[in-house]
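The structures come next, written out as structure tokens.
Presented sequentially are two complexes of chain A, the first with chain B as partner and the second with chain C.
Showing the complex of A and B:
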């Protein structure tokens, strides 16, 4: 059992590779996508498994914010950590307003990233549990 | 003087000259036209008036003199009509008559006598011994016997004293005889000499040959010129035979002559006056006018000089301002393109640096594996990798600062609630604060007025101030107080206060300068506060710092509720560079 299932989205493939390798070494199950569109494809194939998406804000084509909106629309339970090269917090704040879990500045400290991903994953699991509980409750109350 | 000043002088000098010339021209032309017109009119009218006056005077005196002469004539004519030749040829009778005449008319008649056709004076009464005098050769004699009455010119005669005579002719037994009376010259002279006019005006009488008939008290008169000659060119001849003319005399001064004919055109009464004297009032008026004109002219010229100098100064300062402004625009353009360049470089460098750092991290990860555990150089590898990561992070910080420095895309002005913004930024900084053992205390005024400002810019300011405060406390821990309040409806105030070590007095005035930093190399770019300063300034607010070493530092910001709209994006962005 891996710690968590991740999707890493960044247009810079060298960065993507390095990050993927390092995260895999830390026992994460890592998927990668070089663009927003690819990320959505990956999610549609492995939708249920992926718990956390690490998303670069600045990408050609569909950018991070648009991708985030799309992910949140389709998979509201998946937590997204924004990764920004921008010093400005504005885009990160925009992202958080749209439901991103947190943001990180690139290049980021691996320990911090791991911690963020873990908390995001556990939040997701908690929410899923709550949903399950709620469903069970609904079922039990219906029985009663 | 540098070439620029010379060029400027060459530009302003003709400009000023033109302004002066235009002012003078425009002011003087009407002044000259009006005043010369009025002066000319006045001159003409006054000349007319003077001439009229002189002519009236001459006319009056001419009548007087004519009257005097006619009266004398009548006196004598009366005597010859009243008395017979026999009666008058007796000297004692004449003496009685002379006495009577003098009793009635004063000393007008000085003597009286009867002269026969052969020229002998048969009887005489008077102060001279002229009984039996012979007048055959006298000039007047022939003329006197030609007419019933006769008045002679002035002559010296037998007595050697200027006088003239009045005669009346009668016939006794077919033989003509005349009664001759001498008019006292002094008495006659007074009639004319009493006519005085101004300083130089006086009257005299000349006969047809130009000989003076009255005294002139030594004053210069027309000599050797008959009045016909003088008045041949007379420009006017009034209905009563009054002539007037202006002539230059030998000394060059102009004289006015007005003449009235006397004694059936044998004599002329001439009133002579220096033109300057006659026109004295006119000249005085003209002089006053010239004086006023001159003073007015001086005033106009002074005004033109002063006004033009003022205008040129204004124009020059406006030009200079314009020049400075265009200089600033050029500079801001430089800075803008510099900023864009910096942003581009930062973006391009950021990704490779990120990759390098990650790859270094990957090697670190691999070093954890068993296979490398025993390597001799393990510690050295770790040190080198740590250094790579450290320098990577340093490069990242620099690129981030550069990006925020160059950033200008999002300065949209919006309604901003400063309290909300502070809460947001404080929550974002909370992690770092906790890490540094810092407590952030917010004391926000409820119902704070929303201000018109750029949300992201204000965020940047707050971030910078709070991060600076956290840095200042430097892991020793402490408290940061963020407080909002309002002193009036038109402005919102907040401060960020820390209880850190404070800023020494010497550094305090430099902290808003760009690239000024006290942080160790690699820790700060020295741009944060200057960016804050620029942003606050652009919003029309101000930021002040107060600090005491050992007690802490406080940045207080004042923001107007309605910020002025930035005139254009570029100029506004430019300002944010400069404190």
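Showing the complex of A and C:
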């Protein structure tokens, strides 16, 4: 399996750096952003590449749920895993309904995180493959 | 229906919904919930996460898998975040924390009732009526559906004729699955695809060692379809040899398995289809008359799409929604002018052409809307520059051939059938076209 490309979004830069380092060690391609706005910037420059976003729920400014909604609106295929220190049941429900792939509690177990990211990435790839298949069909149809 | 082990909670729910017009059933356990669900009158379940006999989240999953139109609201006294995540992932509409707030519950229930009503309206009004998976509102397709129903009720052989891509195979399936053979197999057989030397073994099967290369015994189409239906597609292209073999099964209702001396009784219904004029072929001795009469007990004609333009937009909408959902995209919006062009197109490849086009449009769409410019050149009207003077016959022919070919998704056999020429001629023409016309 190819390694997934992901974007980590968290306002605690210390946490962000530590996570990024640990994920890079496991051969993930990691982008980081310290806020929802920055995350959207990174996506607009690298949107094609990024497969999974790991998003902190509680951030100043644009919060996690708002960022999630915006990401899902602009890039419906990107999967988003929500990460939270003190999730309430109601915020978890909100996030899932906005199309989050899953919720993880901080501090999170690396193995669990890696597994979630991998399933999220493979879900995204499956979706894309479907589209590519349809596209190929279209081309062969046109020029057969 | 409300499911909770706590009778107090059930009473609360009852009281809270007393004013509504909902019929509320309450049950104390998962087993009873399932019994009520099987009864089939439930639209909405309020399900506690902690019930005695099964885990509420598993019951939720069961409901999602077995009754996909039922909506579920979960309740829980002290849910954890993972519980909440799982509940929504498994398709619950919401998870309410106990003790239930009457307003909150009423609000959640009302929203779902609204959603259910909306869905019902959609099903009955805007989405086209679906019968046996056949989309269409024209008299032509209604007539076909009526004949399907009649054919499904009896056991006679059926002959379906109509142009390529009109939905003949779909009609055949509808008959099979509407008949009391539905539990047995529907076996499609393309008569053009069976090499003459293999006819018998393909149709009737062979035993191990029956001929060189027969390493294992293999069941033939008629054995597989025993008790069910064989769909003989392109019967007009069956060789005389194949016709003879088929006639014999039809007459004797038994088959000889290749390499075995045994005779086996088979009970197989035959539905055949063709785009050719079998009567004319019978006149020219290209099709056996006795076989024709055995097949043509019930006759169904599927008209080409251009003769039932009322079906075009419902079909476009149907395929748009279907493929958009498969690809996880929003179905794009068509401009009025684009719709107009779709309606006026002659669709030589019929529904298959339309299905291919929709798929292609969906994939190529950059925005949420589609206009005339997104349609293939051959379909645009009024945007083509008026040609100066007249074109040569060769140019016209080339254009027509390419258009037909595109309409059937590049399938040369089908294109040749539509054009009324054989494949070899088509290939030669195509070669000439490619040599003289650079695509532009």
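Note that in this section the second predicted complex is superposed on the first by the 133 of 144 C-alpha atoms of A that agree within 3 Å, B and C clash if a C-alpha of one lies under 4 Å from a C-alpha of the other, contacts with A are read in each partner's own complex, and residues count from 1 in each chain.
Quick note on the criterion: a residue touches a chain if its C-beta (ideal position, glycine included) is under 8 Å from a C-beta of that chain, and two chains touch if they have at least 3 such contacts.
Here the structure is a predicted model, which is why all the values come from computation and not from measurement.
Of the two partner chains, chain C is the only one touched by A:127; chain B is not. When both complexes are overlaid on chain A, the residue A:60 reaches neither chain B nor chain C. Of the two partner chains, chain C is the only one touched by A:77; chain B is not. Touch criterion met: A:93 reaches chain B and chain C at once. With both structures placed on the common chain, the touch criterion links A:105 to chain B and to chain C. In the superposition on chain A, chain A positions 87-89, 93, 105 are in contact with chain B in one complex as well as with chain C in the other.
Interface of chain A with chain B (complex): residues 12, 14-15, 18-19, 21-22, 25-26, 58, 85-90, 93, 105-107, 110. Within the complex formed with chain C, the chain A residues making contact are 76-77, 84, 87-89, 92-93, 96-97, 102-103, 105, 127, 130-131, 134-135, 137-138, 140-144. Contacts from chain B toward chain A in the complex involve residues 347, 350-351, 353-355, 357-359, 361-362, 365-366, 392-393, 396, 399-401, 403-404, 407, 410, 424, 428, 455-456, 459-460, 463.
Of all residues in chain C, those touching chain A in their complex are 79-85, 87-89, 94-95, 97, 323, 326-329, 356, 359-360, 362-364, 405-406, 409-411.
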